[in-house]
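Before anything else, here is the set of structures, which you'll find just below.
You will see two complexes here that share subunit A, one where it goes with subunit B and one where it goes with subunit C.
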Partner chain A sequence: MRVLAIVGLLLLISHAAPPVHAVQPDEIFADAVLEQRARELFRGVRCLVCQNQSIDDSDAALAQDLRLLIRERLVAGESDEQIHRFLVARYGEFVLLDPPFRPGTWLLWASPVLALLAGVAIAWAALRRRRSPAEPVALSDDERARLAALAAGDEERQ
Partner chain B sequence: MIIELGHHALVLAFLVALLQGTVPLVGAARRDRALMELGRSAALVQLLALAGAFAALTHAYVTSDFSVLNVAENSHSMKPMLYKVSGVWGNHEGSMLLWVLVLAAFGLAVALRGHGLPAVLKARVLAIQGLLGAGFLGFILLTSNPFVRLDPVPADGRDLNPLLQDPGLAFHPPMLYLGYVGFSVAFSFSVAALIEGRVDPAWARWVRPWTLAAWSALTAGIALGSWWAYYELGWGGWWYWDPVENASFMPWLAGTALLHSAIVVEKRDALKSWTILLAIVAFGFSLMGTFLVRSGVLTSVHAFAVDPDRGLYILVLLAVTIGGALALFAFRAPAMAPGSLFRPISREGGLVANNLLLATATATVCVGTLYPLFLDAATGEKVSVGPPFFHSTFVPVMLPLVLLAGIGPLLAWKRADLEGVFTRLRVAALVAGAVALLTWLLQHGHHPGPVIGLALAAWLAASTLIEWTGRVGLFRRRGTAARIIGLPRSAHGMTLAHLGLAVFICGAVGDSFWRREVVVDATPGAVAELAGYRVVLEDIRSGSGPNYEAEVVRLRVERDGETIGELRPERRFYPVQGTRTTEAAIRSRPLGDLYAAVGEGRTPQHRTLRLWHAPLVPWIWAGALMMVTGGLVSLSDRRLRVGAPRRTVGPVTQPAGGD
Partner chain C sequence: MTRVVFLLPLVLFAVVAGYFAVPLLTGRDPGELPSALIDRPVPDMALPPLFEGAPGLGSDDLRGGVTLVNFFASWCVPCRAEHPVLTRLAQSETLHGISYKDDPARTREWLAELGDPFERIGTDTSGRAAIEWGVYGVPETYIIDRDGRIRYRHAGPVTRTVLEDEILPLLRHLREAES
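Our next item is the complex of A and B:
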């Protein structure tokens, strides 16, 4: 089924740019630590002309532009947060693959916890409901009298 | 002519499906045997008609009949035969035809194998299958007819997308559909049970094997797709949390939960209404997956409007099917007889916890996948939910699940002795601790991810083996061989599948945390070094395939000064569609893959050479294969294979702990 996504994506790519590979040899930093940081950042940034690809994976020309932009800012000594802020100011939150925590996404981030709580509540309610009829119901006076009579009868027979 | 026959067969199948979907229902309500029996013959006729329609379309592909629009748009006379055939389902219309064909095949399988089923239940199951078939056949006939003719006839076709011309992709959709559609059987059984208002003892014995078959196929389908993405796309990744992938992952998660809760229904006659709900949900996610992919809604909310007929039809079908089933559930389930009791600390309790976590995981993936769509539709805000979100939400839900998977199988039914279980698992805890320590010491940098991941995998593998050796009496009693043979196959199946999960986790951890990459601009003679390997670019040659031109880059792989192999990544050009693809070359060894892909370079002489060392990646496929095999082994269990239930053996008196 992912086939279709790929097809759509390919249509985009084949019109957008000739296939080059994602990160290019000449853009890589000599400093391994800085390169590592750059790659981490790339993985969290969406390629805006692709379908669900990060700029780290993407072949598109725009993705490379974005990578170079981020690299420039890294070299300038900006923090990850500053770069994120810059990207959001320029392209909107859509550019971040890790959705920020804000009123519009509270429900999204809370969904695993809410789902688990709902599940636990349902399971607990089901267990309680099922246990209650199994609990012994007190005998009525009538039943008690009959039981006493039976017991008395047993004793007499012995 | 053959195409027109195929079209007629499709219409016939639709009409027969309508009959199958209504007459047996009336028959079941009136206890009219003749009307109920119609379901059987209808299922047979429907399958034959659809097989005819599918054969007609396949014939058009094989003979390259470009007067058929679908063939002209998706095939080419020069395409290799394998891809002419797989091209039948490599497009929207054809894949929907495959969908209904598989659905009809499952319907007939129920009709033929259901000797032991009560006639009324069987009639209703077949009727639900018929209604589902009619719904989808109506969709095909109204919006996605593969038999539309084209005039004038083009000289040649537009070819199948080159990326899809691959053996992995030839078999990925059919496996996936077997899984998706396989859940329809559990769904139909559940709806039939709801109509009836009770869960027949035969019900559980039937639902589990069908679920198992569907689950195994779906697992194989997802793994094939993932494997294809890994070696064909040239990015070296195997899972992207792409909405289309999630669309197949959600039914898998729900199906896995169903598989486990069905055990409780079968063995202990408990969790009945929950299992019915899960069956509805699992198939609901299968339908939703189809909807998400087919309607174009994933590309953007607005793409939905590009072809509103298709999207709207599936949406209505989805709403009617799932909404109807859920309404029926809300109406009938509370009245169903409660199942047997159990303590929270018991095998049943463990399986309930398994279901809770899997349901949470399913909900997480579902919300993550659909949230951008809803937010956009509701407020116009655009937000992306990508891999980082799923890593920080889905993975934490999975960790306790794996921990639990090690404990659960050792718990006794009804009421378990937790202390005794932990005593037996001391060795597993030691193994997990040792693996954690070793990982911590041996890896570069002290990242906690691999430590936790590998320790959990070791815990799961060790405790699974402890459970299995305990059952077969290894190291203790004589007659181990006899016990291995005597143990129900479903027990071996579970052992294999859980071990497969442990192996898979190792693979996922290795690749996620320890992958190394080198990217160089290279000319012949250039050398790249990576993870102890020395890779030399020997030369660049040109070649050609049946329908493409290729450029083959020969790489010599050396280790410790000795040549140990050769890699030949390619770049291909498919002139018909004017597209280029890259063919990665992979040297796969148990401890990891050496992966090479080439791209265009700085100058015409240069090539961008991209090398990865991806540790433990083969474990991902091995783990998936073990899970599938485990499913099939379990399916071959005699109790399930025989199918016809023996009335004398109630679920409670069966030997406890087959699974």
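Our next item is the complex of A and C:
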């Protein structure tokens, strides 16, 4: 019970805390539409220092530099795709949090579907086995002979 | 069918163990990223010098011979650790330095304390040149061939093992290709 209360309390605290933003107030655009586009771009770019955070979440100095660089390119009128190309040319496709769909990555993209299909197949096989119990198997000739011999032995003993 | 199901945990274990074994046995850091610029020409740059009156570092300085480029900073602790190895390397090789996001006065102090192994030093106070190179942390060390193409990148401090197992053999190979 006490453990439950503590877990509940921790959950409450973690959800009550305001979200922490890595984006600095002084870098934010006055233009709300452009700011929205910038934030969406940031969410798709990996912070190469932390490697499992986007540059939108990361406080690393390199993440900050990349945010400012992307902002400059947005102001210069570049498209999202041009900015992605710029980053990929320098840091490789790893810099994108969504790997692009191409021959080398189709297995990665298909893996959730493949896992689902495998799960369905396993469940189907298990259900089928449970529903139809195995047919009684007829005794083989050997077994019949052994049974007859045993029965004969019993009769003799009596 | 049931036999196969019983083997499944064993197979899963083998796969997971395999993934752990590769970095453990080869000593490779899985967090280390391959450079996107391998076999590509060095990015265009013209960096101001660290010492007044000394030459800065530009892309043209990285053509015509096999060179090494090291990104470093006085605030970077691993840079201090690799410094003796770089000093040894610079006795036989052309090593250029790029000071990354550092106060030039601090960099000069740092070099005065530890010794200056660099032929030319460019300063990248904004860190923009480093982004052109795909740098994601200091120190990073690059090998450039005589055509000015990047052939190798090592992220993190150059240890004696890295020097002897990776850098020196590649330098030898590039020299042989040259002659």
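Basically, the second predicted complex is superposed on the first by the 98 of 158 C-alpha atoms of A that agree within 3 Å, B and C clash if a C-alpha of one lies under 4 Å from a C-alpha of the other, contacts with A are read in each partner's own complex, and residues count from 1 in each chain.
Following the convention adopted for this analysis, a contact is a pair of C-beta atoms (placed from the backbone, for glycine too) under 8 Å apart; a residue touches a chain by one contact, two chains touch by 3 or more.
For clarity, every value in this text was computed on a predicted model and none was experimentally measured.
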Go through the superposed model and pick first if A:128 touches only subunit B, second if only subunit C, both, or neither. neither
* Asked: With the two structures laid over each other on chain A, which partner does A:26 touch: subunit B (first), subunit C (second), both, or neither?
  -> first
Contacts for A:51 in the overlay, against subunit B (first) and subunit C (second): which applies, first, second, both or neither? both
| message | Taking the superposition on A as described, I'd like to know which of subunit B and subunit C A:119 touches: first, second, both or neither. | response | first
Between subunit B (first) and subunit C (second), which, if any, makes contact with A:43: first, second, both or neither?
-> first
Would you sort A:105 into first (subunit B), second (subunit C), both or neither based on which partner it touches? first
In this superposition, the partner of subunit A with more touched residues, subunit B or subunit C, is B
Query = Touch check for A:66: first (subunit B), second (subunit C), both, or neither?
reply = second
* For A:90, is the partner it touches subunit B (first), subunit C (second), both, or none of the two (neither)? -> second
Interface residues of subunit A shared by subunit B and subunit C, listed 51, 92, 94
Per the touch rule, the subunit B residues reaching subunit A in their complex are 90, 92, 161, 163-164, 169, 172-173, 176, 225, 229, 233-235, 237, 240, 242-245, 247-248, 274, 289-290, 293, 298-299, 338-339, 341, 344, 352, 355-357, 359-360, 363-364, 367-368, 371, 375, 379, 381-389, 392-394, 396-397, 519-521, 578-582, 597, 599-600, 602, 608, 610
Given the complex, residues on subunit C that touch subunit A span 1, 31, 33-37, 101, 126-128, 131-134, 136-137
Seen from subunit A, its contact residues with subunit C in the complex are 48-49, 51, 61-62, 65-66, 69, 88-92, 94, 125
Per the touch rule above, subunit A residues touching subunit B in the complex are 1-8, 10, 14, 18-26, 28, 43-44, 46, 51-54, 57, 92-99, 104-105, 107-109, 111-112, 115-116, 119-120, 123, 126-127, 130-131, 133-134
